[in-house]
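Structures are listed in the sections that come next.
In the two complexes that follow, subunit A is the common piece, with subunit B as its partner first and subunit C second.
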Partner chain A sequence: MKSSQTILTLRGVTRRFGGLVAVNKLSIEVKEASIHGLIGPNGAGKSTAFDLISGLTSADAGEIIFRGEIVTHRAPESRVAAGICRTFQTPKLFDEMSVLDVVATGRHLHNALGLWGSMFSIARKRAEEARTISAAREFLTTVGLGAKADAPVADLSYGERRLVEIARALATEPKLLLLDEVTSGLNPVETASVGELLRELVRLGLTIMLVEHDMKFVMGLCDDITVMNYGSVIAQGSPGEIVQNPDVVAAYLGSPRDGQRSRRSLRADAPACP
Partner chain B sequence: MNFSLQLLSGLAVGCIYSLVAVGFSMVYRAMGLVNFAQGDLMMIGAFIGYSIIVNLPGLPFWLVVPLAAAITACLGYAVAQSALWPAMQRGASQTYLVLLTLGIGIILSNGARLVWGANPLVYPIPLTHETLRIWDYPVPAVYPFIALTMVALIAGLNVLFTRTWIGLSLRAAADDAQTASVMGVNHRLASAISFALAAGIGAAAGVLYAPITFVSADMGMIGIKAFAAAVLGSLGSIPGSVIGGFVIGIGETLGGQLVSSEYQDSLAFLLMIGILLIKPTGLMGRKG
Partner chain C sequence: MSTIAKEAHTASHQSTSGVSRHRRDWAAFAVIVGILWCLPLSLGGFYLYLGLAVAIYAISALGLQIMVGLAGQLSLGHAAFMGIGAYTSVLLQKNAGVPFPAALAAAALAAAAAGLLMAQLIRLSGVYFKIATFGFGVVVHQILSNWTALTGGSAGVRAIPAIGVLGFQIETRTGLFVCEALTLTLLYALLIRLSHGKIGRAFRALGQNEAAARSVGIAVARYRMMVITLGCAIAGIAGAYLPHLMRFLSPESFTWYESLTCLIMITLGGLGSLPGAIIGAAILIVAPEYLRDFAQYKMFAFGILLVASMILLPRGIAGAGMSLSRGKRMHAQ
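For the complex of A and B:
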């Protein structure tokens, strides 16, 4: 079923902050309609990698190719238009809005009238606003929060805020969705249902990249995994290959001798970060 | 009797301060800067209104307001795109941005003197001199017009920001530009549109203010009082700016009546200082 076509290629992507090399010659190939995990200890450069892919920070060297186009230095809004959307490690909603309005902001580029058109054509504008809201409602239902549409986002629980952020990202109708620690702060039931949702989305053709600390979640869900440490890639492969990799085990637990136990805790739901 | 008359006049002036203060708050939220040219944009709006009245004598006055607002909004858009955004993009400090907007204000004021002359002008329309009788008191006929337009503008802004897609995007960009950009909102465009809207509202205030005063190049001075109104109501809060405008407008008029109208301006600021001493974050400020 799964196509092996590459949707995103990072080639030698490097980002320095002063003397610190946050991301060092990062090369990744992400296959279309797959889930690609990006894991590694804290400070490994995973979130910076997401910033580079989504355009919030610009690469000092290397190339980012998305669906055959070089997007390395494009502005974030142009990458959204191309089909890349993301969530944040700590959900970043617009705190004075209602849940529905937050999700509706994700429809920004899907408004057929555009910024100027909507100022002038009142009749078409009204139809367009209605379409925006009903689309937002649909995406909210997708993540199971349809009932909370009119609540202020400030009233939501942490887990619900994450789901709203996913709904908002989905509302942009991305081809590639970057999820930064999507399960952190979720209870096991919520985590399981997010896993189900992601599987379903991938079945529909979406490509997902995950930065994740929950090893059970990553190993159970991902088709491919890239492991980073100190900004560089230390391993790439299928979940099965990753758990066997001695470098990965060492990076996570800092004790290469105790390989047996480490492997087990990589598989189990023990927190990966010391 | 005199008291009610003064109250009405305070309300009318309060409407004007409110509208200009709303402009301060909108720009502050969208761009994180205090636009000291806001008062001068209001002045430009009043002059553009004058030119419209002189050149299109048949045009009803209620049409002059949106027309002058639209033209001034275009000017505001150009200012934001050509001067403010490039400065912000290069990481200009607040000190620099304050000087930049003050400078833009001075250029606008001198430019107006160049185009419209140094003598104060009076709108050549009957509304300038007409009076109504309310409860048997003579009241300038423009007062209800000011009140209605002000209410319509604020209601319109409220609909724009809460009910429309473009308003949502503007709010998103003002709240968190980076996150909004990941939703496809262009920060530069959103900032420029917010600035243009604020300029347009300021211009509407200028056209409304003109019939009860003179139109002159230093009319923008009331921008300082409107700024005080915005701070008083918590800079960045639109309801706060409206309330602040009325507090300053009514306070200075009634206070001027009690003490002496020469001290009106000082009273306005005394009021601001007093309120901020009691509530340092402004009337609509959050705790802290």
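For the complex of A and C:
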């Protein structure tokens, strides 16, 4: 039932930090309602790619097209409004808030009342707040944390922090969700349930991009995979094609000449890949 | 089936406790506003004077609280905006015969404009912004002290005109107190409303994690401008009342010393807490009046108080009160 329409296109996107080319002529096409994995060794430029797509950093060259619109140099908030939302490698929540309030911040762009409206229009404000809170509860229930709504963020476990961050991102009602190492720090049970959640979300029409180190998770979940190394794409294709790609194997396992490098497995049964 | 029932149960349980957050804020409001209106008016005399001073600094501290405590935009020049408000309103009243309510609005606008100017000029992040706000405060104080033709310089302004509201001349301290208490009550209520909605959440998000705030679509630059402008406008309103209490206006009421005192008020009361700002203001205004013999140690004592409160009550008096009541509730369950 998956449509093959492209939702996100990166064309020759480049980002330099001083002399370092963090992302070099990156071109990716992400299909709507699919899961697209972005993998590669540490420092390959995956997180920078996410920063470029979400607008936290701006491209030096190239084009980013989201749902037919060029968003290359748009501010992050305008990309959220367009339907791109992200999570972070280390969950970034609001540590002095309750869990429910954190998720409610995700409703920011869905609420209309401004500074004066918040203070003076009593009935509209009450209605808007009621909508916000019930929506936030719903998204919290979606990730399975409905019971923690009133807990302070400080009381959460690491895995719960990740789930709250996902709930907050979902509360923005994105079309494209960027998840940066969503399974790191999770135990196998939590990882499996996150996988289930992501499948369900994609079934409902969401598009997901993953930066991930857990190869089993990536290979089992993704429809397409882009492999980066030193800022450049070295392979793109389905999980089956990626595992057999000689360049990928070389990047992960070390080239035949490079016997000293630690052997890192790409096979699906390997627990995790550093 | 059982999980659905369980979730329905927890949901209903939560919605009651979600309401209780609002209820808690309004309960604190009722208590504080009740004390504010009853105590100074019934005791009169010197207590009325104390009430007037507390109300002014409570308003100012509320402005600083939303900037610093809520949105994390530390300002070391808050008193300067009180000064801008004070001089704007008094000079308009005195030189142009503008009625007090209009002068009060002008004071808020002038302080807001200055705050916006500061935020625009100093587009710095982190510690540089904080240092620059200190510089801005010093510059404003220097202007007030040295632009003698307009402000009267360090000699100050005397013969402050009385407050006239809708044809009534307010010449008693009681009348002045009613005006101030009304202003404080109204502002406090509006800020509680603000803190509960979209904007208040955006301010708190900005203060707690800027990158995360940006990731959910909060335009952090715009909200930073907004909260700085709002906080400064409120300082301007507080400033407009100050000359009517002192019956005299001098630049020395708006030094960095005073800015620091405002910061200690909100820290002692509890960063991020609106009632905390008012409690902190009350303590820092009332305590020195009873410790006049030790007046020369005032700032020393404030410093000690600040350090002690940060060690013993890291979330201030309001935070300590809240965890106390939460502890009791859990104990009761």
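In this section, the second predicted complex is superposed on the first by the 248 of 274 C-alpha atoms of A that agree within 3 Å, B and C clash if a C-alpha of one lies under 4 Å from a C-alpha of the other, contacts with A are read in each partner's own complex, and residues count from 1 in each chain.
Heads up, the rule we're going with is that a contact is a pair of C-beta atoms (placed from the backbone, for glycine too) under 8 Å apart; a residue touches a chain by one contact, two chains touch by 3 or more.
Just so it is clear, the model here is predicted, and its values are computed rather than measured.
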Clash or fit, subunit B versus subunit C on superposed subunit A: clash
Partner chain(s) touched by A:Thr172 [first = subunit B, second = subunit C, both, neither]: both
Touched partner set for A:Ile7, first subunit B, second subunit C, both or neither: neither
Which of subunit B and subunit C A:Leu100 touches, first, second, both or neither: second
Subunit B versus subunit C as contact partner of A:Ser54, first or second or both or neither: both
Partner with the higher number of touched subunit A residues, subunit C or subunit B: C
Contacts of A:Ala147 with subunit B and subunit C, given as first, second, both or neither: second
Touching partner for A:Leu163 - first (subunit B), second (subunit C), both, neither: neither
Partner chain(s) touched by A:Glu128 [first = subunit B, second = subunit C, both, neither]: both
First (subunit B), second (subunit C), both or neither touched by A:Arg137: second
Contact residues common to both interfaces of subunit A (with subunit B and with subunit C): 54, 56, 75-77, 80-81, 85-86, 88, 92, 94-97, 101, 104-109, 111, 115, 118-119, 125, 128-129, 132, 168, 172
Contact set on subunit A toward subunit B in their complex: 54-56, 75-77, 80-81, 85-86, 88, 92, 94-97, 101, 104-109, 111, 115, 118-119, 125, 128-129, 132, 168, 172
Contact footprint of subunit A on subunit B as seen in their complex: 162-166, 168-169, 171-172, 175-176, 178-186, 189, 193
Residues of subunit C touching subunit A in the complex: 7, 10-11, 14-15, 17-18, 21, 190-191, 193-194, 196-202, 204-205, 208-209, 211-219, 226, 230, 272
Partner subunit C, residues of subunit A touching it in the complex: 54, 56, 75-77, 80-81, 85-88, 92-98, 100-101, 104-109, 111, 113-115, 118-120, 125, 128-129, 132-133, 137, 141, 146-147, 149-150, 168-169, 171-172
